[in-house]
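Look at the two complexes coming up: chain A is in both, with chain B in one and chain C in the other.
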Partner chain A sequence: MYRGREGQWAFFLHRISGIAILLYLLIHVLNISAAMWGEEASKSLFAIFHIWFFRLGLLGVIGAVLYHALNGLRIILMDFTGWGVKYQRELWYGVWGLFVLFYVPALVKIVPEIVRDITGA
Partner chain B sequence: MAVRARRYQEAKAQAGTNLELAWWVFMRVSGLVLVFLVLGHLYMSNILINAGKVEYTYIAERLSNTTWKIYDWAMLSLSLLHGMNGLRYVLDDWVRDPARRFWAKVVAYSLAVLVFFVGSMSLLNHDFSKGLSENTRLEQSEGTR
Partner chain C sequence: MQVTLKVMRYDPNKAAKPGWVSYQVEAEPMDRVLDLLHKVKYFQDGTLAFRRSCGHGICGSDAMLINGKNQLACKALVKDLTKKAGDTITVEPLRGLPVKKDLVVDMDPFFDAYRAVKPYLINDEPPPDRERLQSPEDRARFDASTKCILCAACTTSCPVFWVNGSYIGPAAIVQAHRFIFDSRDRGARERFQALAASTGVWRCRTAYNCTEACPREIPVTQAIEEVKRAILYDKF
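== the complex of A and B ==
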């Protein structure tokens, strides 16, 4: 297990989120493409993916994409500016600041929808 | 071996081949483009609408529109290339046994080719407008003209 400082955590989380996103991407493309076989095929698949478990999972995927995107921008700054490496730790805290800024409003919008759809209220 | 440099000059020095350097550059360029494409996609499908209510009709309408076909196909190709090259770095790092690493790559690349082919079929080959009602189809054709 990684016991390093911020830079190592940033690297490790970038990998884990990347693998998770790739796995979701493969499933997602096949799921959407199933519409080629008609409405019934889509319906039976969405019956699965609209279960609360998968909708919560989707929140995880959104979080993973957001972290991977923001930390990816941090990597680009480290690679192509003269000051990025020096301030990589501060940039990582910036990543988390922006993450909270975007993710919390998304949760505020999506979580009540999931609760409403599940309870049928 | 994956390039681990911070800075283009270091990457150039580290990369064993021009191909490996090209992948290093590709990851940055495609990553930057994907930030906008994918976050835009997430915004449209999770914030503007309720993703839990998405059904066949929504897909058929979206995949009947030329603009979304281009947008989605750009996203599909870039994200698969970016993701599969990322996975290649991970497998090179984490699967030490050469035979197992080879077969892991064979399985992963085959799956990626299949997903790319099926996804491209649904975007470029399949006519989803056929199943839509006459009104929707008219709106769609006006929208894409």
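== the complex of A and C ==
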């Protein structure tokens, strides 16, 4: 592995999260399109996505969307301002700061649901 | 002190694949990796192939992947690469260019990209009686990009270049930047043909490996972003 610094990891994560979002979107479209076969089919398919395993995936998707969106703002600043490139490292840490800020509520909401599913309580 | 120099070696006449070979070398903390390579070549194994010329960080011949980062072998010091005696320093050829033998890579694709941006002054206006004058401020505009030594450390550190060798690469863009932002030059639009192509500046995904790798401390990504904006704003 090339020993790059923050910029390299920002780029790799941006790409991986982008692919993850695309895959999620495809599954999401298939899921929604199940409505074509009526309410019953749609509801039974939706039920699958409430299994704890898929809820973990949901946490992943939220993380991917958040990172991709926030780092996207960093990229816009780098592309369109004279100073963005100079402060790219600081901007990346800012991305993570905002990421934590927005991700914690998702964890608070979803993690107890996963625990409840697994323990059956 | 003793250090282990672990070199990725490849001889197309002997083996199908490259492989690691380790050498025990006596080294001083202020020795450069180039000195260690010389010690191996002179006293242990004369078949080791690598490029070097000036040995003082200006000819750009001995860029290689040292401890996982692109550096000039003549500027990378043992004391910065090891913590104690017996530590290992790894040396590999530059990535993304075909390896010819050991640490020698085929630089032709790199220089093809260099030539594609027309790295020379273009100005068809009749020459003045004396030189084409330039203010110190105008000269300073592209000062950083004049420092390039064409060592290829930037281009071969770029993840986009590794997977898509047709990307023109940071070094060629820096060379273009040197002329696009020269107040005496009139060839920007000619250069944009290569730079705005699908293999041009828009391939840059700002991973910053080029900026980190540059042994001349050129703000490479900054230069690339400035060229991107120059192409964009030229449309309006």
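Following the convention adopted for this analysis, the second predicted complex is superposed on the first by the 113 of 121 C-alpha atoms of A that agree within 3 Å, B and C clash if a C-alpha of one lies under 4 Å from a C-alpha of the other, contacts with A are read in each partner's own complex, and residues count from 1 in each chain.
Following the convention adopted for this analysis, contacts are C-beta pairs under 8 Å (C-beta built on N, C-alpha and C of every residue); 3 or more make two chains touch, one makes a residue touch a chain.
Values in this document were obtained by computation on a predicted structure and should not be read as measured data.
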### Query
Clash or fit: how do chain B and chain C relate after the overlay on chain A?
clash
### Query
Which of the two partners, first being chain B and second being chain C, lies in contact with A:G97: first, second, both, or neither?
neither
### Query
Which partner does A:K86 contact after superposing on A: first (chain B), second (chain C), both, neither?
second
### Message
Contact-wise, after the overlay, does A:G60 reach chain B, chain C, both or neither (first, second, both, neither)?
### Response
neither
### Query
Does the superposition put A:R5 against chain B (first), chain C (second), both, or neither?
second
### Task
Using the touch definition from the top, say if A:P112 reaches chain B (first), chain C (second), both or neither.
neither
### Task
Could you let me know whether more residues of chain A are touched by chain B or by chain C?
B
### Task
Have a look at where A:M78 lands relative to chain B and chain C in the superposition and call it first, second, both or neither.
both
### Message
Which partner chains sit in contact with A:I21 here, chain B, chain C, both or neither? Use first/second/both/neither.
### Response
first
### Query
Which of these chain C stretches, 7-15, 25-33, 133-141 or 223-231, gets into chain B when the structures are overlaid?
223-231
### Query
Just which bits of chain A does chain B share with chain C as contact spots?
15, 75, 78-80, 84-85
### Query
What does chain A use to touch chain C in their complex?
1-8, 10-12, 14-15, 75, 78-80, 84-86, 88
### Query
Within the complex, which stretch of chain C touches chain A?
65, 67-69, 95, 157, 159, 205-209, 211-212, 219, 221-222, 225, 228-229
### Message
For the complex, give me every residue of chain B touching chain A.
### Response
5-8, 11, 28, 31-32, 34-35, 38-39, 42, 46-47, 50-56, 59-60, 63, 76, 79-80, 83-84, 86-87, 90, 111-112, 115, 118-119, 121-122, 126, 128, 131
### Query
Along chain A, where are the residues that touch chain B in the complex?
15, 18-19, 21-22, 25-26, 29-30, 32-33, 35-36, 38-39, 42-43, 46, 50, 55, 58, 62, 65-66, 69, 72-73, 75-76, 78-80, 84-85, 106, 109-110, 113-114, 117
